[in-house]
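Across the two complexes that follow, chain A remains constant while its partner is chain B and subsequently chain C.
Moving on, here comes the complex of A and B:
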């Protein structure tokens, strides 16, 4: 009896200390977790979450150059004004064209070059790879400023080379359509290596036997590409394409620097450069904040739908 | 888009031709920068397409280094970039570790929230922060710049670090814990050194975010002496009188180190990206 008592008591003590050390461990774990995450959470709250909320407030306010300190919340007026301004719709259309054309060329050229570079008979692969990756490595603003120089009417390399082949000089930077083509060409140049590298990574994981089997069946290169390469590259390319679309849609650097802030005559804009100008050249703060929200809304909805759609079809493979 | 047939000679020639054309297109603009930077001052506006210009000289580099604020801008850019790099590595390596190893409430929304920030247009954070900086009279200071750059670089860095930690087996920390390490020691002494490749990429990415940034700096900095390199180089490209020689010389000097680093490390950059993207 006595013995039994002490054992149960001892067991209880043991259990208690076990429970204690368990809670201590849990507390330690929480403390450690917050030690790791805390600084990042604080910074993100201060410089991402707070400005985001502030931007929402600004988008509901009348803040501009005349009301920089005595601004007040006026409701949804700015959104109404954004959506009813015809220029916004024109710029939106241009942004969609800009994004689509760029992504089609980035992915098309990137995958094409990756497939060629992946062929067994190509000699000096690392060297080709380095040469083809250079446009991605060069700082974007330098790419943009350099291409602006190359598009110069009289002294730019593009017209000079065109002249060698007997083409007439094109007023790249002073006519609206040509300027838009110029910014797109620049961005295609700097964007295809990213997709190429992603595709090269994806190609490594496709087993060679698949192609051998296809060869036995006498499949053409074209069939092999669409029946083997394309479907198996999909899972790798979809996240890259999603990112690429978001980045391109928001890529202010190239548009702003090649067209020198929308030249000629504010005709060369995508939404993000348009809102940048509204905010920092015209000081329409409330209006710009509302347009920022609209851009974010578009991208958010797009990625949700795009990822859901592509995931759904992915299950078919 | 015709497909080359790998088995015959024609296909091989075609493949090499395509590679050669695109390699030329990739390299050509860079050769133009070199050419223009070597032109003597009186021949900057030239219609020549020669690679080495007539009367090639390093004069533009001399003027750039000793008669413009280039070195001052270089110092400013280095200062901002180094601070952003340190912040990025310190925060992303710890936060990424927590997100990789621990399951806790709010983890998924935290990861999702970080991704959502990638969809913000440039003005989304810049405009409110600009208004705050005006009110705090902090325009024309590096603090604002460093804060915005860190916020821009952090989400990608955290994802990238998390993705890398996911590939390190947790058994390593467990073994360290059994040997008597505290959780912090297990992280700092065992896992942190193993994550060196990812840390290098995080550092490179943070550094390049700050080193290559124009749009934010253009709003925050107004005094020429405070300029970072992108603002300075853009200044040479004035509408009225573009100083092409100075611009080209500067562009080359600024690009060489980052392009070199990038070429060496790009292989890891992309693997980090796909790891981060594929693993939820």
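Moving on, here comes the complex of A and C:
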């Protein structure tokens, strides 16, 4: 446009200023966008990227209580140590059980309650909804400590109420199996409302006509649930389940607080609480960092495969 | 196949709203009956009560020889096609059609045979393994119909099945459903707000307004002998013209005189004998647009000429639609193609009313005065 030789001098000048102001506008716009993005980018770099890179470096180092200041990169030794440690595999197995049991109950209870709450005959729906979301709305540590109190052998509400019905008291927090059950029970209580809320949202988007068509077709309530509700909830539940699995896998709060740091005798651990213990009770920083990377790898692989296998991103309608 | 009989069937919704006030009529075995009326008049409510999707507040509903008031939808042997198709989005076309049969535990081979047969009739064989979201509106519509016909039910129920289609497809599906009816010979009840669909498809039409049955009759009888002003205005397009006025004169020389104009229509002998009793009363005259002619040699014998202002002219090719007015009255005329003056506030045109095609309505009750309402409602 600028090299147009036939145009008059005056027109050329005009065109030039128009083009210049255009590029200035574009530059200003870019600056403006960076201005908007900047703070977020900085924060993400500071709290995600930097710690992650630092953790990668630590996992390749010998940093522990003997080498706090004079640590150096030693390669993959910590990974080898992590993977050959039998206790890690035991804890890994417990973590898988912990995650699966929790998710099954979270989703099962959550969807079940959502379906019931969605029925026409339920009165006072808003009140029920608020009540059922409460366990999730309260700060986790308060709930966790409350449950720890309730599991107390002598004074805990659970044994006291069980006693009323003639049940023997259970040593919830002092025997390994019972302690594991106790942390799972607590976390089920904490986790079902999230799935319920997601499922309620999903149910709203299923057209009522589908159920009427199924009624005319002769479907029972059971058939309608498995043939219509379940498949149509899938697209909203799969991402929620993915999140739920990652959160539960990494949920140190509940395990740590209810079992008081892995009691009895470090039997009540999942991988993250094991990492925490290794890093901050035993100061095996390099080793703990390597285990963290292993956890990251497991979850990263899992989410990729799970989301792909379930076609989670495919729209239903 | 079966008859469907309603005896003073009422519907009061939980909020106290009475959507259907005592409907009584019978749909014959193999008949195609259309419920028609403006939006909100209770058509869907009536259909859904027959399907079993809404409880019947009072009255009795027979399908075949059974009283089905308290039967679940699945036990009534009806199939329904919904307005929004209600296809299961996660199932293929094949599985959508097979759904009801699978639930009823039909053998696999028979399911397959019925689904393929229906797909062939409806021309959706090519898309059997597609999900509904990949289908066009017309294909979805066919699948919804297919899901009903594989069941081979006693009664088919359709709730405005064509209202989501474009005009051209609607006309095409209309004839397809009519053809399906004659092929299957099944009892069909069809709900629509579109009087053209009602007129073209129905063996008989049930006209509803505000939850009340207005008239039940064959399309042509309904058109020629509307029981009241509502039916007269609802059936037919463009709608019947209405002029308010009164009956004047004495003896056999009666005429209808429109309010506030010089417009006067002499009555024929038969109209006169029926209307003599109403002389002096406020009355509405109704005349269909095609019964108005441009005055002249083409107008039929025995027509009454009157002068109107020509407001708008719509040439349609095969006919011309004239919008005319006279004082407080307006009218629409459909006349044969011919030279018509330019419309304008000072353009007058003489129109001839065919006096053998006049309708009269009581202004208070809106009931037709010259017609004897058809007796065979049951």
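The rule we apply is simple: the second predicted complex is superposed on the first by the 295 of 317 C-alpha atoms of A that agree within 3 Å, B and C clash if a C-alpha of one lies under 4 Å from a C-alpha of the other, contacts with A are read in each partner's own complex, and residues count from 1 in each chain.
The working rule: a residue touches a chain if its C-beta (ideal position, glycine included) is under 8 Å from a C-beta of that chain, and two chains touch if they have at least 3 such contacts.
Since the model is a prediction, treat every value here as computed from it, not as a measurement.
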Chain B and chain C placed together on chain A: clash or fit? fit
Does the superposition put A:300 against chain B (first), chain C (second), both, or neither?
first
Per residue count on chain A, the busier partner among chain B and chain C is B
After superposition on the shared chain, which partner residues are touched by A:93: those of chain B (first), chain C (second), both, or neither? neither
Value for angle(chain B, chain A, chain C) over C-alpha centres, in degrees, nearest 10, is 90
Considering only the touch criterion stated at the top, classify A:153 as touching first (chain B), second (chain C), both, or neither.
neither
Next item on the list: Quick one: classify A:140 as touching chain B (first), chain C (second), both or neither.
Entry: first
Shortest distance over all C-alpha pairs of chain B and chain C after overlay on A, integer Å, is 9
In the complex, the residues of chain A that touch chain C are 207, 209-210, 212-219, 223, 227-228, 231-232, 234, 315-317
Per the touch rule, the chain C residues reaching chain A in their complex are 51-53, 72-74, 78-80, 82, 84, 86, 88-90, 99-100, 103-104, 133, 147, 151
Within their complex, chain A touches chain B through residues 28-29, 32-33, 35-37, 39-41, 43-44, 46-48, 50-52, 54-55, 58, 63, 68, 108-109, 112-113, 116-117, 119-122, 128, 130-143, 145-150, 154-155, 157, 160-161, 164, 189, 193, 197-198, 201, 220-222, 225, 235-236, 239-240, 243, 246, 250, 252-253, 256-257, 260, 271-272, 275-276, 279-280, 285, 288-289, 291-293, 295-296, 299-300, 303
Per the touch rule, the chain B residues reaching chain A in their complex are 1, 3-6, 11-12, 15-16, 18-19, 22-23, 25-30, 32-33, 36, 45-47, 49, 87, 90-92, 94-95, 97-99, 102, 104, 110, 113-114, 116-132, 134, 147-148, 150-151, 154, 158, 183-184, 187, 208, 211-212, 214-215, 218-219, 230, 233-234, 237, 239, 242, 244, 247, 251, 254-255, 258-259, 262-263, 266, 270-271, 273-274, 277-278
